[in-house]
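Look for subunit A in each of the two complexes below; its partner is subunit B in the first and subunit C in the second.
For the complex of A and B:
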């Protein structure tokens, strides 16, 4: 362990950060480095990490982009809690700050993880498909907009994926909270004509979510992921596939099967 | 992965193969061949990718950040297009006139004409792609007022328009299965030694540090602007102007490099978030600017349009108030929207409400904000053909902020989002068409080897220059010497400093392994940033007048003899400039242009 910290720092003037270091998922053994960074008014964790990279250790790797809480790049676990480094105020934390990469994803280097598996999930979700009668210029109302707006706030920081124990433990083929939110945003789109419940039930593995609500607690965009997206999506699956009366009705009518139109 | 639970088909979250590690001096590269290579995946790059792919071209998108994180995501207020949903009198003709007039007649009229006409269909198309815009009571796309737009013209999605735009295009790209590689930084463009056509690019796979050689029949640059050369900026980390640098080094012409937009309202407190954007929609929704004396000072500078004057006017007014000692406590001015009530603010400006609460402990439904100008946009860039977005290098296209010609001397709010859709599509279309008409151009392997040596040099450097420090020095130099109000003495001093930093940059040192090494990638960015700064400063010295965003205290008046565009190009390894007159629109367009004053 390397220490860039003096023996008795003044906590009013400096912040002590412990950062998990290492390259690759398994090759090198991870270790913590400790750094002492001057405290500035209104400072966020990303500012402190930038200070380290610029002044103490240029080999530190961090993923960041907008530094304004909009792009969702600088996700990490700060004192064990999945958060955006750019939105976490240093003065909101007492004492030492420990920063680790998201643990649900393979580590690339230091605080940077490989989140590319998400794009494979994204590609499987049946995309926005306008209703047959939608026309070229849509007419719908603000109330329709407001119903799906919440899900469309997602900045794809993948913190919800990180906190999800189903994904963390690699136990199941579950698409994960981010992608349930995506599906919900499409299902709630006022002009969308697709029913995704068969996909959600089978390929999406929605049944694996056992509603611990961890994801909605940490969402930096305050999307109420479990209550507003996951539970309604589960209800859609139940309505479509497990409701005996509807099942008989559809059998008799010979109507649309799941996975087609709404 | 627990096999017994494999009910689905995703198999995604199982532990993955270890990524191969690369030795620091490894010169090997993987080769990727495509018809159309698109560099950059903001709105312009993604829209180009959709078009190119739909036209049947084998398309590959590479981008420096993760997919969906490009600077487009930061656009807030809206996308300008004359749908006439709220003000039926609006039309492409009025949008055309507004853009030309507020660009201080420096725009290319044909680019503006195409833009104003096609922006309308691009917005409806975006809606058909799945974007959900705010609505009018009649169920149409809603439009809000914005600075210097004659009519209410900005189609918006709360104050998150850019996020919705990029996510919608990203979904379309993913659903189409267009191949993309994110976190790949391109460092150099290659041209066919015989024909001079754009032929390929060298890239770094940032995740592993592995080198990549791309070969293509056509290349589109959509890498955005270079706001990060300034200390106080709303721009993302990746806005370092790599595309402009690469195109310049490949011999492409740049234009209007002196034209940098200072957005009037950036946050000034706390220090860590200085420069973060406060959307113009705050003023669009009725926000009021006041100085330390409580005076609504815009009444002195533009009594007619007040806070909704053009961005260059508002930014200069704030600058003037501060200089006259009427600034706010924190060194800016006050912006107040609290009179609109908490409900309205939280609904129309939710991100602004969150942003001030989270970062500055300010509740904007109750208290004033403190704001000051922040570097926001680059009007200049790669010079392009209006119809095809092709640069002066054959087979090399540019779209979005990286290109020039639309915004002239000042960009109107909301025009950049329609810009990226209109010219992203056009570039994708033209590149795909031209790609089918040519054989795969050749890349000179000696050039590739030379570039690999350049790219890897920071690892073998005997110097100890720190790229993060040099970036900071570049940024403070530009802020101090090439700001809102310029003069020859400052600009010359800025140039001297750039030359000094260029010497320092010879000793740039990369530390650590190749994988995700920012001391390495930032070192390479520094070199292009220095080039871009030089081009900006030399063009600013050349333009001896004040026009739009370019204000010279030593030449305070607008001068008709400067109705020219300044072109910057590399000739025999030297940066040279020439001026070309702005072309006059034909009579039927000329008569549309309505001067306000």
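For the complex of A and C:
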């Protein structure tokens, strides 16, 4: 472990950052570098990491874009908790700050991970399919899209995927919280005519989620992931696949028992 | 600044871990008392476990067991999938087998709404118990025990009303409110119910506590403790 002294020694208080370095798979003895960075008023962890890049070690790799909590690029594990570096103030943390890349995804270099697997899951979700009577110009009320809009706040930082123990600890065929949110935003749209419950149950592996709500706890956009997306999607799966009364009702009505239209 | 009522209580009791193990403790002690010294009714107070009959206790039991709030607590604190969200406290391991809610008995959780129906059907009995405690002596009499029974009935109603399955069935399953009859009223109801739903975990805990408190209170009276005061007598 190396300790880098600040190029311009500062008389103000400093903060100590411990950053996991290296490329590819983690080894049994991971390598951390420790840096001392001058503390400034209102500083966030990303500021401190930028200071390291510009003053102490230009070889440190991170992914970032907006520095304003909008782009979802600077996801990392700060003292073991998945967070955005740009939304975590250093004065909210006592003592040394340990920064590691998201462990649910393969590491490319230092704090940069490869999140390609997400786009593969995204491609499997049945896309928006307008209702039969939707017409050429969609007309609907704001009140009808309120619910769906909550999920549009997602900035795809993938912190929810990182914190999800199903994705992280178990190689289960679960699409993950981000993609349940995506499916819910389509399912709850007033103009969408598709029922995705069979997809959610089988390919999506929704039953793997045991609603322990870590994704909801850490979402930087405060999307109520479990209560507003995952549990309603689970209830929709119950409607189509587990509820005997609704099954009989659909049989008597003569409709599809588990069709793909709403 | 609005008063946060949670600050009136020790912080720890709202911690999920404390909550889960307090459930277990309450259940063990409660059922032991229930079997050892059954008290079905005393001085006009009907014990909540006997309302309307102790034979139906498995139904609200299953309602709680399949409740999304309790599921979070036992998946975290009993099965440790995961224990917490940060690395230091995760406790889950890739070496342990995990099937989530897909296999075995966990599939029973998909029938939560049927236990909800049973729970709703039982609610009027708790209000009847309150009424019964007021008039059982032939005159109207409001005693402390009646308020205990009323608090129990109200908290059970709030917990049942904040249920996620109830939320789905009463509005969550509608994707276009302006396309259905009384859409505006249904959306307004859904939004109010959603507010209550945000407190589901706290209500799940508080309502269990009041059941056992009411049970203990009635046991205390039966044991001769001078707990009961008459507040109003007409």
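Just so we're on the same page, the second predicted complex is superposed on the first by the 243 of 262 C-alpha atoms of A that agree within 3 Å, B and C clash if a C-alpha of one lies under 4 Å from a C-alpha of the other, contacts with A are read in each partner's own complex, and residues count from 1 in each chain.
Here, a residue touches a chain if its C-beta (ideal position, glycine included) is under 8 Å from a C-beta of that chain, and two chains touch if they have at least 3 such contacts.
Since the model is a prediction, treat every value here as computed from it, not as a measurement.
Asker: Following the overlay on subunit A, give me a clash-or-fit verdict for subunit B and subunit C.
Answerer: With subunit A aligned, subunit B clears subunit C, so fit.
Asker: Based on the superposed arrangement, let me know which partner A:73 touches: subunit B (first), subunit C (second), both, or neither?
Answerer: After superposing on A, A:73 lies in contact with subunit B but is clear of subunit C.
Asker: With both complexes overlaid on chain A, does A:141 touch subunit B (first), subunit C (second), both or neither?
Answerer: In the superposed model, A:141 contacts both subunit B and subunit C.
Asker: By the touch definition at the top of the document, which applies to A:170: first (subunit B), second (subunit C), both, or neither?
Answerer: A:170 contacts both subunit B and subunit C.
Asker: Is A:99 touching the first partner subunit B, the second partner subunit C, both, or neither of them?
Answerer: neither
Asker: Which of the two partners, first being subunit B and second being subunit C, lies in contact with A:189: first, second, both, or neither?
Answerer: In the superposed model, A:189 contacts both subunit B and subunit C.
Asker: So in the superposed three-chain picture, is A:156 touching just subunit B, just subunit C, both, or none of them (first/second/both/neither)?
Answerer: Touch status of A:156: first partner only.
Asker: Taking the C-alpha centre of subunit A as the vertex, compute the angle to the C-alpha centres of subunit B and subunit C, in steps of 10 degrees.
Answerer: Result: 140 degrees, to the nearest ten.
Asker: Could you look at A:180 and tell me whether it touches subunit B, subunit C, both or neither (first, second, both, neither)?
Answerer: neither
Asker: In whole Å, what is the nearest CA distance you get between subunit B and subunit C after the fit?
Answerer: In the combined three-chain model, subunit B comes within 7 Å of subunit C at the C-alpha level.
Asker: Which parts of subunit A are touched by subunit B and by subunit C alike?
Answerer: Touching subunit B and subunit C on subunit A: residues 140-141, 144, 170-172, 174, 189-190, 192, 205.
Asker: So in the complex, the part of subunit A that touches subunit B is made up of which residues?
Answerer: Residue positions touching the partner: 23-27, 40-44, 46-47, 50, 53-54, 58-59, 61-73, 87, 89, 104, 106, 108-110, 112, 114-117, 119-124, 127-128, 130, 134, 136-142, 144-145, 148-149, 152-156, 167, 170-176, 186, 189-190, 192, 202-205.
Asker: Flag every residue of subunit A that touches subunit C in the complex, lowest number first.
Answerer: Its residues touching subunit C are 77, 79-82, 103, 140-141, 143-144, 163, 165-166, 168-172, 174, 187-192, 205, 207-214, 217-218, 224, 227, 231-232, 234-239, 241-243, 262.
Asker: Spell out the residues on subunit B that touch subunit A in their complex, using ranges where they run on.
Answerer: 1-2, 5-16, 18-19, 21, 65-69, 71, 73-74, 124, 127-130, 132-135, 137-140, 142, 157-158, 160, 163-164, 167, 171-172, 174-175, 177, 182, 207, 234, 236-238, 269-273, 276-277, 351, 354-355, 358-360, 466-469, 472, 511-513, 515-519
Asker: If you look only at subunit C, which of its residues touch subunit A in the complex?
Answerer: Answer in residue numbers: 68, 71-72, 75-76, 79, 81-82, 84-88, 90, 92-94, 98-102, 107, 110-113, 164-165, 167-169, 172-173, 175-179, 184, 187, 197-198.
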